[in-house]
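Can you read through this structure? Questions will come right after.
Read from first to last, the chains carry the letters A, B and C; within each, the first residue is number 1.
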Amino acid sequence: MNFIELKEITKIYPGTVACDKVSVGFRRGEVHTLLGENGAGKSTLMNVLYGLAKPDGGTIFVNGKETEIDSPKTAIACGVGMVHQHFMLIPTLTVVENVILSLDEKKAFIDKKRVAARILEISQKYGLLVDPYAKVSSLTVGQQQRVEILKALYKNCDLLVLDEPTAVLTPQEIRELFVAIRNLIAEDKAVIFISHKLNEVMEISKVITILHLGKVVGSVNACDTNARELASMMVGKEVSFEVARGEQKLGGTMLEVKDMHAKDSKGVETVRGLNMQVRAGEIYGIAGVDGNGQSELIRGIVGLCKKTGTVLIGGEDMSKSTPRQILDKGVAHIPEDRQGMGVVMKMPIRNNLVLDTFYDEKFTKGVFLDWKKVDGQAGYLIEHYGIKTPDAGNPVSSLSGGNQQKVVVARELDKQPRLLFAVHPTRGVDIGATQFIHEQIMAARDAGCAVVLVSTELDEIISLSDRIGVIYEGVILGEMDRKDANYERLGLLMAGKRDEAAQTVGKEG
Amino acid sequence: MADSIISFLAAMIRYSTPLLFVALGVLVMEVSGIVNMGAEGMMIIGCLTGVVVTHHLNNAWLGGLAAMLVAGLFGLLFGALVLEFRINQTVLGVAFNLVGAGLTTTLNRAFFDGMNAGTTYGSFLGFPIPTYIAIGLVILAWVAMYKMKIGVQMRSVGENPVVVESVGISVKKLRYIACAAGGALVGFGGAFLSTGILSQFTENMTDGRGFIALAAVTFGKYTPFGTLGGVLVFGIGETLSYRLQAGGGAFPYEFALMLPYILTVLALCAFSRNAKDPAALGVPYVKSH
Amino acid sequence: MKKVFALALSLMMVVSLLAGCGGSGGSSNPPASGGGDAQQPGDAQTSSGDTDYSNVKIGLMLSGSANDGGWSQMAADAANAAAEKYPGATVNYSESIPATDFESTMRGYADAGYTIIVSHGAEFLDAAKLVSQEYPDITFICTSAQSGQEPNLTGIDFATFQLGFLNGVACAMATETKKIGAVGSNEIDSIIAWADGVRAGAQYVDPECEVITVYTGSYDDALKAKQAVDALQQQGVDIVTQNADACGVGAVQECDALGLMNVGAVSDQTLLGESCFISVIQDAQLGIEVAVEQAIEGTVEPGFVSMGASAGVITLTDYAGKYADLLTDEEKTTLQNLWQQSYDGVDLETLVK
């Protein structure tokens, strides 16, 4: 019997039907995945289940009984627990305090000892170890996620919703999470897993329900399907995972970094004597867990933060140059923080498309901007890069994440750069747009551009890169060619285990 | 020597008491994520209310209570404008200061000019009783912030109101409570200045203490004992500035008078450079559902 | 809705500005459309004589608001009171004049045919010295000034030295520790003159008396004056006198609290606390009124004029409070005699040599 069943749930937002008569049931003791692109209706459905959104139609059954869930409190009382993609944690509070906050007990005074003891008990039972008295800000992302799961379990949830839980985790942390999920299943809990990473979905799920444009496309058992089939159902068309690689036209060294050091905003040295070389016509993938110096490395190279050491671009020493001087050497940059560094959210799309070239003669008339020419360029890029918008005058904030990223990609690649930095180019972008962006990056490489690709997604690194370097604690811990790369080896290097990684080579060899 | 140190400390503690109340009030509001630039205005309103009610009821405690009530209402008004209409908190604070100064000046000239409070708070071991209350409040604030549910909620709402709302706790309710309590504390600080330390109202008598309170809270990294420390740093500077003038004839009075402010700035630089404001401080909150 | 609130809020701000903090407004009315035409039509018959004074036009320049209930209002009241006695004489004033407009406002009055230009406060002195040279036929008066200028600028000082001297004498006769505290607001000319007076008066009585001066840096913050008195007590001071506007309230109250004696200045401060046993009053309003009358009569003397006891500006209050009987009759007579001497025109400064 279904523990919770959603029947013909409909939710209409102005202009869109987010959920259109969606019916799906969740059983105890199994992982049920909701698969779909951004905007497919997964989040809306979960908001309805958790009492955060009021459905316009349909019913919810809990243990076979029709139940109205009008607030998170009711949902929690029904045994539903939710781990949001963006953690609902207060970083300045300790783990215990965060749990206490979520309990909202009647008592005026809090009993940290009692709560901490129970947290330890639960965490041991499910393999979710974490120090109850640690400040959340001092925990790793993986540990913070455990706190979120603990919060739900503390309230005796029977159904746990995990919204894109692996997006922010390292491969090792993902393994640990999966162990915990299996423990939950063993205790007869129900788990709803939301993701669009097909490999993980295939590994962890029992049942997979695919949503597309607010409708259920189908529900299949994981053992009866494969990743390719799931992807087609999700996107609504055939998807190829392979990015077509052209003939490699390897040229001379375009970027050389020698003994670079840089500090992050807190003054901690995160790049510690890093060396690397990238040649024209190759994609150099930098894999690594977030926070190992990737940000400062790229920012340092393009002149956005202080650094020591030598940076040669096309053989020229650009160590002391300003960002503008560096960009003028044919450098393009798809920054990590799209909304903060890539676009100006409130500005029209057309302005964003010429954000770093507006001063070029192409777009000016004397000291004034020539809006006609800007419009022409914007129209061309919007069409060529398939940016979905009714009007180039709309603000970038009106676009979906994928289309925002396309604005950045269009602007940067249209410059026909000699050297491209692509930092998390597809983070938070759906499969369709991801595929497109990958193709564009590959096209730049085929045209002879040197590409530095920074990503935490191993799939992305492996499918695009010609050469892969793993960054760990501010240095490139290991480098390998595309053909030698695999998840295990990369994962171990990302965790700093160079010796063990070396053994995997030995085994293969 | 020992005598002069004791008298120095005694003077510092006595004269820092109003500022301590005000700083605690500011602390309560800031922890919940509301910037109270209007403390100066709320304080002067407390000053006048305290004198007038004390004079008429011949009881300083009732005067203090009335000041808490009136300033608390102003705190609630501040909260309403911030929470319901999302008016920029800094600008609103400036407006409150102008209103506070204008309102008290006008009312004072029209009705209460030269009115004497007539009576004051009792004292114990040489210190007025409110001084003990203020120190008690520091401890109470610490207990409330770290040992009570309301404190966990308040600190959370100042960091990330979305999280608080997600567990079914009303962000507005918490912030209204903080505004009312904060306003009331600031108001009592004013009343204690005008009836506990002095016994009458003079225009602009708060003389920037509402702003110094903001500095003290920042210095204290938004903790009660830290705030107490900030208040004492300023108190040391102030007491010193008069001791130096009275003691050594050659000391230029301009520098002496600058001392408390310089000391406060230096202390902020030295100890609070990396102080992290509550993440949601001053950010208007819009409920998403 | 939000806009309505913003509007209401700004309205509140404007109202409170108008109501209260006059000084910060910063707008000045051009003389022609002057703020308040103070002529009282009904007064024409009641006053002396049949001479018509309608050619007398008085321009008054204020750095604050004319209804501030204090410094600026005092001058406006004084000028009006003087003009009332001369039928036909008119007064116009400009309020809250910013320092940058001192000269232009003054020239504006001069060019508009004003015969007497009164600028209220030492801050106007430099401008008055400059502009008065350009208009030799106009009478200029600058109050609270420590100097004037021939032939047509009168700087009136309200005998702050005299005031301080009498304060100092009273303190020196009462002190046992021979240490006197003087609390001033800011180190400006008039307060320095007062403090010099206190020192001179104290040493006139007893050359061993020491006067310790402390400035509060504020005219409003009474708590600062309390702290100043507290610091003075630590130095062994047993009597305090103060000249710091509203801030001085705190000094009297702290003397009450610490059991020190107090001598008041400027206003009747015996009303502020038990410890204040006598106050030396400085009636600047009367001084201005007299000066304006003299200007209308054409008898005002150019240069520096000190208006003290002889003009009725400096007076002594009765003894009051818990130290009312502290001074011996002999001492009280000494004080009274000194006032009498200054009333008779003796420059007290000549006594201390």
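One rule holds for everything that comes next: contacts are C-beta pairs under 8 Å (C-beta built on N, C-alpha and C of every residue); 3 or more make two chains touch, one makes a residue touch a chain.
Treat the numbers as computed from the prediction; the structure is a model and nothing was measured.
S.K.: What's the contact topology between the chains, one of line, ring, star, complete, other?
M.R.: If you draw each chain as a dot and join those that touch, you get an open line.
S.K.: If I average the Cα coordinates per chain and compare with the overall Cα mean, which chain comes out closest?
M.R.: Of all chains shown, the one whose C-alpha centre lies nearest the global C-alpha mean is B.
S.K.: Tell me which of A-B and B-C has more C-beta pairs in contact.
M.R.: Greater number of contacting C-beta pairs: B-C.
S.K.: What's the distance between the Cα centroids of chain A and chain C, rounded to whole Å?
M.R.: Here chain A and chain C have centroids separated by 73 Å.
S.K.: Quick check: how many Å separate the C-alpha centres of chain A and chain B?
M.R.: Here the centre of chain B sits 45 Å away from the centre of chain A.
S.K.: Please work out the Cα centroid separation of chain B and chain C, and write it as a whole number of Å.
M.R.: 34
S.K.: Please set out, as single numbers or ranges, the residues of chain A touching at least two other chains.
M.R.: Answer for chain A, listing residues that touch two or more other chains: there are none.
S.K.: Which residues does chain B have that touch at least 2 chains other than itself?
M.R.: Not one residue of chain B touches more than one other chain, so the list is empty.
S.K.: Multi-chain contacts in chain C: which residues touch at least two other chains?
M.R.: Residues of chain C never touch two or more of the other chains.
S.K.: State the interface residues of chain A toward chain B in the complex, per the touch definition above.
M.R.: Listed in rising order, the residues are 52-53, 71-73, 84, 88-93, 97, 100-105, 107-110.
S.K.: Which residues of chain B touch chain C once you look at their complex with the stated criterion?
M.R.: 4, 7-8, 11, 15, 18, 81, 85-87, 92, 95, 98-99, 101-106, 109, 113-114, 193, 197-200, 202-207, 238-239, 242-243, 245-247, 249, 253-254, 257
S.K.: Which of the residues in chain C come into contact with chain B in the complex?
M.R.: 1-2, 5-6, 9, 12-13, 15-21, 69, 181, 187, 212-218, 220-224, 226-228, 230-232, 234-235, 237, 246-247, 249-250, 253, 271-272
S.K.: Which of the residues in chain B come into contact with chain A in the complex?
M.R.: 147-150, 152-153, 155-156, 159-160, 162-164, 166-169, 276, 278-279, 289
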